[in-house]
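Let me begin by handing over the structure; questions about it come next.
So that you can tell them apart, the chains are marked A, B and C in the order they are listed, and the count of residues begins at 1 in each.
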């Protein structure tokens, strides 16, 4: 019955885990080959892209697959980030006796970072479960509002924590439990070891591969199709025997888990500030943009959008000021013209490029036709309105 | 194999009916949509539920499938009480429906629509799916095979990769039935399966419905406006009007029942149903 | 006792403010069944445009005439109504038949656009400003040792007047009848000859005008106007939305009841329980409400048609 009883155990294990091996290889290459051969600036941009991918793809699981709109992704990110930061900072002091970076590549310090990120993800998933309980039973737009409120609550709660991040001496004397309150308050969590920098992108890329793998295997599995069914028609999904509430909650938790990991990575990247103000509504919107633009339900779409959203402000310095305005317009225009997002449910390799090419080639002609026929249509609309008024009067 | 539907503890004397409604009642505000409705659908039976527009037929389906909670009465599937359970639980117990206003997973492929239904009892959870364990792979293969087989039976296999909402109307109805059957139901509720179809399509659908019973070992309850079809294929017909059962019996006795004729023809505003009328 | 009266007064003023904003959410939801995410930004716009109008009319300094407040108020309401009309026409109307998620995302887009466009130097700029004193500083009267300033009285009285006017409009006029018809079923209303587009437009304009009234009164009471993308505005809108949900979204009386209730919880929670996190109480109420009575206090549960 189970894998153990059959002879192909090794084969099965290999089949189930080989992408992780590839992920390790990729992350290792990014660290040892790419990071050393390119400028630190570009390497840093690459890391930012990686974290944006983790956040975007994870939001895509709940937003794209299950069709549940969450505006609290930054809240989950904050939970994960602060958890990881606290574990790594206070843990380093307790375990290694220093708050500085400890051990080399894959050394004890980095393993603590990994553990911190996973713990942060787990706590974020628990929070996802809590938030999902009331709101996933209700209509979609309530969920948006509740998650928005949730993100704000998280921000307020973190702000209320003690704004002193304890020094090495004090930490040694304090209990683990009492440290939970010293998260830096409104100033942010300052002083932790920054394991991720231009020369050390390993963990970011490892988690990028993990989140993409999870999203991919989920999407093309029975469970993933059930989520899509909920998104497409919740009543029909329930009528076919899918436990829709359970499906939604599990999507929400998976998504929150990786948001937490993204937060943990973000917290340990050199140069990022870990302040409540940076992890508010605006951050959630940044991630929503990635999903909506890339295509709701498309992993490769989210990756492309994450790259674009990270690169644009870098390419055009003046863009920063108009960034949010551009995003806002992009959201509205995409919803009006291509509501499913750039790629929709499709992945890059599933797109029928022939048809896309045709539609791009014919676009000018269609535009011309639209402009030429505009007066006719306007006249028709006016006439219809006049007719209606006439009818009203009679 | 996926887990079989829970089997009712069979009494030796008389097998439990596939589906039984006992004195169901439901009102919305002051409107009594369904009053004191009882019926039994034996295993392998094909029964019809008819009535003029607004008689409460779809409400009955919603009560049976758990979308609405009845004010009074009970629903049994294969002898098991279903009252108060969620629609998904009732579907897992073997009672599955199609919708009058088609509800497909519109943006997904035809194959995926059926695969979703074929996989509702799969045991692989999130972890197995992510790790692609042997059990998961076996289940996925089974799901795919079953979905393919159903598309074949319903005659829409050639459209497997098309997007569901792009199908022509008749094929969408077929896909709904394929999807419902994929869940391995014991009872199938069909809500106006030939609504909006032309004569040729209707004829094909009639043959299909009749063949489904034997092929999938399923009992069928049918709501339909098309009298010809109902009279032709149903063994027993229940007629309701304003939520009240006004007649029950074999097609021949229904056709000559004065109460039925009055319900359809008695009110001048309401035209008698003609072949091909689309239900509102 | 003094503290109690003070808190009660705060509850009344804050509740009035929430009510004015909550009405906009409830009106739009009642008719189109969608949460107008950009509503809080219309409040912000109302407050800032009032500031701009007062400046343009030369009332930025002290000693403005008595009629300054009503004039500014009416102009700000008119400007916001125009904004509401434009938003509905350009962003929401094309999506009337689209899935809810798309409308929601569009609304978020509109909200972001208003927030960030408002911060452009050409519009309101990036720095907080002080609303001019258009109302007398002197207290109007004293109640149990608590001084009651003009602005509080104006705020409460004006809100009551607007709510009564709205009630009259919805339940006693032909327009209100049309609004209720559209809310019942857009399609049926259209078939019965109700000009749906017009009714929706007017509803948006009314909601936006009420929001502007709330924004102006907010400015007059608290004086400080934060920049348009500040989280404070969003939080204000969010709490008003919670009020609408708690009262029963889609229900005018419910919105007022919910607003007073939320203000009460916030003010008395901060006054007697913990001053640190009044917002947490508010969201706590929202979650309890959604769990046990999702239709709200005065709302009727709806069943989705199958």
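By definition in this document, a contact is a pair of C-beta atoms (placed from the backbone, for glycine too) under 8 Å apart; a residue touches a chain by one contact, two chains touch by 3 or more.
All values reported here derive from a predicted model rather than from experimental measurement.
In this assembly, B is the chain whose CA centroid lies farthest from the centroid of chain A. Of all chains displayed, A has the C-alpha centre closest to the centre of the whole protein C-alpha set. Averaged C-alpha coordinates put the centre of chain A at 40 Å from the centre of chain B. Centroid to centroid, with C-alpha atoms defining each point, chain B and chain C lie 47 Å apart. Rounded to a whole number, the gap between the C-alpha centres of chain A and chain C is 32 angstrom. For chain A, the set of residues that touch two or more other chains comprises 235.
Within chain C, residues 306 each touch two or more of the remaining chains. Multi-chain contact residues of chain B, defined as those touching 2 or more other chains: 67, 99. On the chain B side of its complex with chain A, the touching residues are 65, 67, 86-89, 91-92, 96-97, 99, 103-108, 112, 115-117, 119-122, 124-126, 129-136, 139-140, 143, 179-180, 183. Here chain A touches chain C in the complex through residues 67, 69, 71, 133-135, 137-142, 144-146, 148-150, 152-153, 156-157, 160, 235, 280-282, 285, 288, 292, 324-325, 327-332, 335-336, 339, 388, 392, going by the rule given at the top. Listed in rising order, the residues of chain C touching chain A in the complex are 34-35, 37, 91, 94-95, 98-106, 108-113, 115-117, 120, 193, 195, 229, 231, 234-235, 238, 241-242, 245, 276-277, 279-280, 283, 286-287, 290-291, 294, 304, 306. Residue ranges on chain A touching chain B, taken from their complex, read 1-3, 6, 8, 12, 15-17, 213-214, 217-218, 221-226, 228-229, 232-233, 235-244, 250, 254, 340, 344-345.
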